[in-house]
Amino acid sequence: MSKGNLKVAIVGATGYAGCELIKILLCHPGATITSVSGKVEKAEKISDIFPVFKGRLDLVCDNVDVPAISKAADLIFLALPHKVSMLFVPDFLKAGKNVVDLSADYRLKDTAVYEKWYGAKHTSASLLKEAVYGLPELHKNEIEKSKFIANPGCYPTGSILGSAPLVSKGLVDTDQIIVDSKSGVTGAGRAASLALNFAEVNENFKAYKINQHQHMPEIDQELSNAAGSKIGVTFTPHLVPMNKGILSTIYFTLKKETSAAELLALYKQFYKDAPFVRVLDEGIFPETKHVYSTNFCDIGIKVTGRRVIVITAIDNLWKGAASQAVQNMNLMMGFGETAGLI
Amino acid sequence: MSKGNLKVAIVGATGYAGCELIKILLCHPGATITSVSGKVEKAEKISDIFPVFKGRLDLVCDNVDVPAISKAADLIFLALPHKVSMLFVPDFLKAGKNVVDLSADYRLKDTAVYEKWYGAKHTSASLLKEAVYGLPELHKNEIEKSKFIANPGCYPTGSILGSAPLVSKGLVDTDQIIVDSKSGVTGAGRAASLALNFAEVNENFKAYKINQHQHMPEIDQELSNAAGSKIGVTFTPHLVPMNKGILSTIYFTLKKETSAAELLALYKQFYKDAPFVRVLDEGIFPETKHVYSTNFCDIGIKVTGRRVIVITAIDNLWKGAASQAVQNMNLMMGFGETAGLI
Amino acid sequence: MSKGNLKVAIVGATGYAGCELIKILLCHPGATITSVSGKVEKAEKISDIFPVFKGRLDLVCDNVDVPAISKAADLIFLALPHKVSMLFVPDFLKAGKNVVDLSADYRLKDTAVYEKWYGAKHTSASLLKEAVYGLPELHKNEIEKSKFIANPGCYPTGSILGSAPLVSKGLVDTDQIIVDSKSGVTGAGRAASLALNFAEVNENFKAYKINQHQHMPEIDQELSNAAGSKIGVTFTPHLVPMNKGILSTIYFTLKKETSAAELLALYKQFYKDAPFVRVLDEGIFPETKHVYSTNFCDIGIKVTGRRVIVITAIDNLWKGAASQAVQNMNLMMGFGETAGLI
Amino acid sequence: MSKGNLKVAIVGATGYAGCELIKILLCHPGATITSVSGKVEKAEKISDIFPVFKGRLDLVCDNVDVPAISKAADLIFLALPHKVSMLFVPDFLKAGKNVVDLSADYRLKDTAVYEKWYGAKHTSASLLKEAVYGLPELHKNEIEKSKFIANPGCYPTGSILGSAPLVSKGLVDTDQIIVDSKSGVTGAGRAASLALNFAEVNENFKAYKINQHQHMPEIDQELSNAAGSKIGVTFTPHLVPMNKGILSTIYFTLKKETSAAELLALYKQFYKDAPFVRVLDEGIFPETKHVYSTNFCDIGIKVTGRRVIVITAIDNLWKGAASQAVQNMNLMMGFGETAGLI
């Protein structure tokens, strides 16, 4: 169906982000999927793994073979687990490919931070300086010039977009930022796990990795950059019994009282060139279904005295992973930021 | 099945809290349900309204008839909507009945606050001084001596139990309390509503009534009493696509650093006579399914520097409504606090 | 975003089928939505009703105004309730518009049958002979020549596609066809209803309208046509706690033993020109998620002795409503059957 | 809490049936749980495995130790996987214990059938003649006299109860029985499995093991006994995105036309001594939530011509497993059939 000229490969195609990448790219006017691969027990059609693609994409998915993939494609999406991605990225870059890495391996600029939070030595530190943190709303210019994108994490995407205007303008107490996030289950990846068994998750709600989730340093890094000073947020992720979506409720203390209207105006200005951020009108707040299977980040703001509550919603697999990766591809390849995206 | 001697009536039996009250009381050793009533179009068996009770409770449910109910029962549970309850409570009290009111009508001591948040004149203000706020963990002695209980709201139950030890000991900055709560759908009541249609709620997550939910002043009232000074919390409720359960994530700023172990010890001491509060071990946190269809409130605590995160879980229809009402009945009638409850 | 030349109107845009129609048409290369209308209390932007469309389709949705709509559009989709559609269809046809009616009003050729099952007089019987039953897999030629399509019901679509090859070839006992269907909740429409309240539907499974659902005569009509003799199926619909999808398990008795392989070959041949029917390989069976938000109907077959079990899956709002309507538009307007569809 | 005199052990306590057994037995007036065991990596409190029991049952759960368990308890519930149960049952019986086995190992009287469907040699065939198939509605007298019960499977329980009156009275064509069953996810057991991952099951509906589920021969055996002639049903199980409940839609062809009223009267007579079967009034049909966490089997009947549709609902973990096991215990031990059950 897709008749684009850019040949793209999806490495790590068997996970949830990989599946959404395929869905999006099959409808993209500028790209054609020429290779799918991942960790598989035996080679089989991707449409046997994800029968939704039967008749639409029947490529065989085999284990990762860098030379073969490099031959087949010009841009490589890696949707691999953390620590695995950095085993392959260097070779793809060396082969001159454009790379969009959806793992966490190249997001944190400080390897010490990476090693603390991911519990593993970083084996590809020299490439960190080449990786651009692929949040287009903050780094569009660098992305357009880059060949190597570290695609943001799902929690960080919604948290950073909801916080950046306030912290970059210096309006809030940076010691008191609390991010209370709620995510659908696909965020945990596509794997056998008793904790993710339907009967364990359905009719249940819980917090997890309370103030110690590995996405926290990523939020801190980007907000510190935006603020120009060190920020350490409080971050509590929760598991919602639904497939997709992240809602983040972010609490700030204003340095001085400011109305919701003023803050909304500030956000609209801040995101005036961001086609996928929708700042809602006063009194209207995001819901995850309003961004379901879209690349949008919706933002609503409530103010009471010096307390500001910013609420953001994204689809964790789209804006939080796959469609943001395509947005980055669009910028890198000059397709126009919105090409093939909703 | 139940062969208890106390004759009890359930007024407002057709809602979700009414249904759970029936379930609990049918197994209670000291009580027998002798009357069920509510707003109905035509009289019909309660087991036609809730077929789960077929063969177990086949009483006819008709509209509220105070004299008939007063004749049939000695203790009256009212599970009516706000504003409706105060139309009936005075007559039941005048008839000498014990009353447990699950509505909000008698929870707030200040009628001005009630009238602001519930948008209606309080027509029964003289009885407010007789009503005991029925949170047994804080007010057991008064409940035991009372004939009239204002049963707490669902959000306040979990929020107050999670906060009372810290605020009553003066350990936290009372200006910076943030309660981020997530509730199952039954909290919204049993009524036709497009917003509550399955297809609107399923695969969706949202916040609502952000910092303006009518349960907020109830939390403020009780925490102010516990602190001995005025407290106004920030409160954001959210809707979870599940039937039952509330998880509250409560953020505090400690006046001085204290370890999780010390705080957990404080909580265990504070609740040492509370059979339905379970303070979890360090590193263990509540999940709503662990309190599903029980009267328990589970509490977990995380500390990072001066930030404390307290997480509580209750079943919104049990500890947040029906089973707490039975706990109050137990205390009022001398049955033993845990009789018929799990 | 959509830049198509055909101007289309959606009448009944506020329901679930209307919403999906908008989603599909916004991405369609040949059509542009120029009008949305429906039964509304006050005119408001469609993107306020369905915030997912904010910034993508901000047309105002007002009550149905046939002249204004006829002026704005050349093809009219009606996604109105039964009995309401026939109030408007005649005027649109008189105005020379192409019409795709998603209601049941013009599906049944026999007004007596319509009036029995829908409990209302048919006020537009003279137009029935002009309406083509819009199941492209059976009636493609007529659809291509028609200006007026009666778009099939959701249950009939999956049931007929799963049965047509067997009955048209005369292979099965036509007195013994049993259709056991299971549908997501959106099939019941977008309306306030206690029975559809999340807490009533979630964690529940039930049958309803057992052997008396109004879609039964529609299945009978089409299968009778296919068989060339009168067929009356047994039909039991069930409600599944999910938003979208219908799985139909259809039981037949073969006149003589035939292998699954033979039957699958027959089905593949029967549907060789049907781009949206996927006959699965032996031993593979449909799941609703494999057709989620697609126009596909997946079919699997199991044979044991003379018993045949055919299982079909569709998305009730797509192939069972909105995308099938677009498929019909494609055929009517010469866009190519698959234009803008997945 | 439970103060019963009968000491009971639960072997296989870590699965979903084990968990429900604990819940039920904790409230049983005649039994006390004195031992819990199962396949565990390390010994730990059952309340750490199922935190819902914290403070209520804090026994340590270790691997199965027959002598220790035999010393601790007089009645043994085994809630182990098929093939594992028969490794332990002989020793418990030899030790003189009463045994209720929830696995399939002793349900099928014909070892050849067992070995075909379960793919393993039966190593304890000599005990099959001692095992009573524990469906109290059909075999109460034998259960009362037995020391060893093979507790029925979940699908068979609802299917047999819905079919037994019709087949035992010879009213239906026994060649044409179709059982279309729909089950919640706990039926698949408590284990890590990608296919049971929340995101795979939620918003999905599918059939599985179509006409080849291992519960089919169990249905056949019992219905053949009831009919006095060989019956082989058609059986299609489906997976519903919910935790608990089975609804079975069973299709029969009457030998001669009979009204629903007559059949309902027959069913009421047939089950007049069965406290846990509720035959519903004409026009009323079961829903799984009406039997949720109860021991009831609800039955509704629809007749059209010679077609009969019988619909039954049970809680797969209660009447389909744990509470039926307790019902069997009650009968064996003379507690009264309904003791401790709802």
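Order as written gives the chain letters A, B, C and D; numbering starts at 1 within each chain.
As a working rule, a residue touches a chain if its C-beta (ideal position, glycine included) is under 8 Å from a C-beta of that chain, and two chains touch if they have at least 3 such contacts.
From a predicted model like this one, the values you see are computed outputs, not experimental measurements.
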Interface with more contacting C-beta pairs, comparing B-C to C-D: C-D
Most widely separated chain from subunit C, with each centre as the mean of CA atoms: B
CA centroid of subunit B to CA centroid of subunit C, Å: 46
Centre-to-centre distance between subunit C and subunit A (centres being mean Cα positions), rounded to whole Å: 36
Centroid spacing, where centroids are CA-atom means, of subunit C and subunit D in whole angstrom: 39
Junction residues of subunit C, two or more chains touched: 184, 200, 202-203, 241-243, 287, 289, 292
Complex contact set, residues of subunit A against subunit D: 16, 184-186, 190-194, 196-203, 241-243
Complex contact set, residues of subunit C against subunit A: 1, 26-27, 51-52, 54-56, 202-203, 278, 280, 284, 287, 289-294, 298, 342
Residue ranges of subunit A touching subunit B (in the complex, touch as defined): 176, 178, 180, 182, 184, 200, 202-208, 210-211, 234, 236, 238, 240-245, 247, 249, 251, 253, 285-289, 292, 302, 304, 307, 309, 311, 313
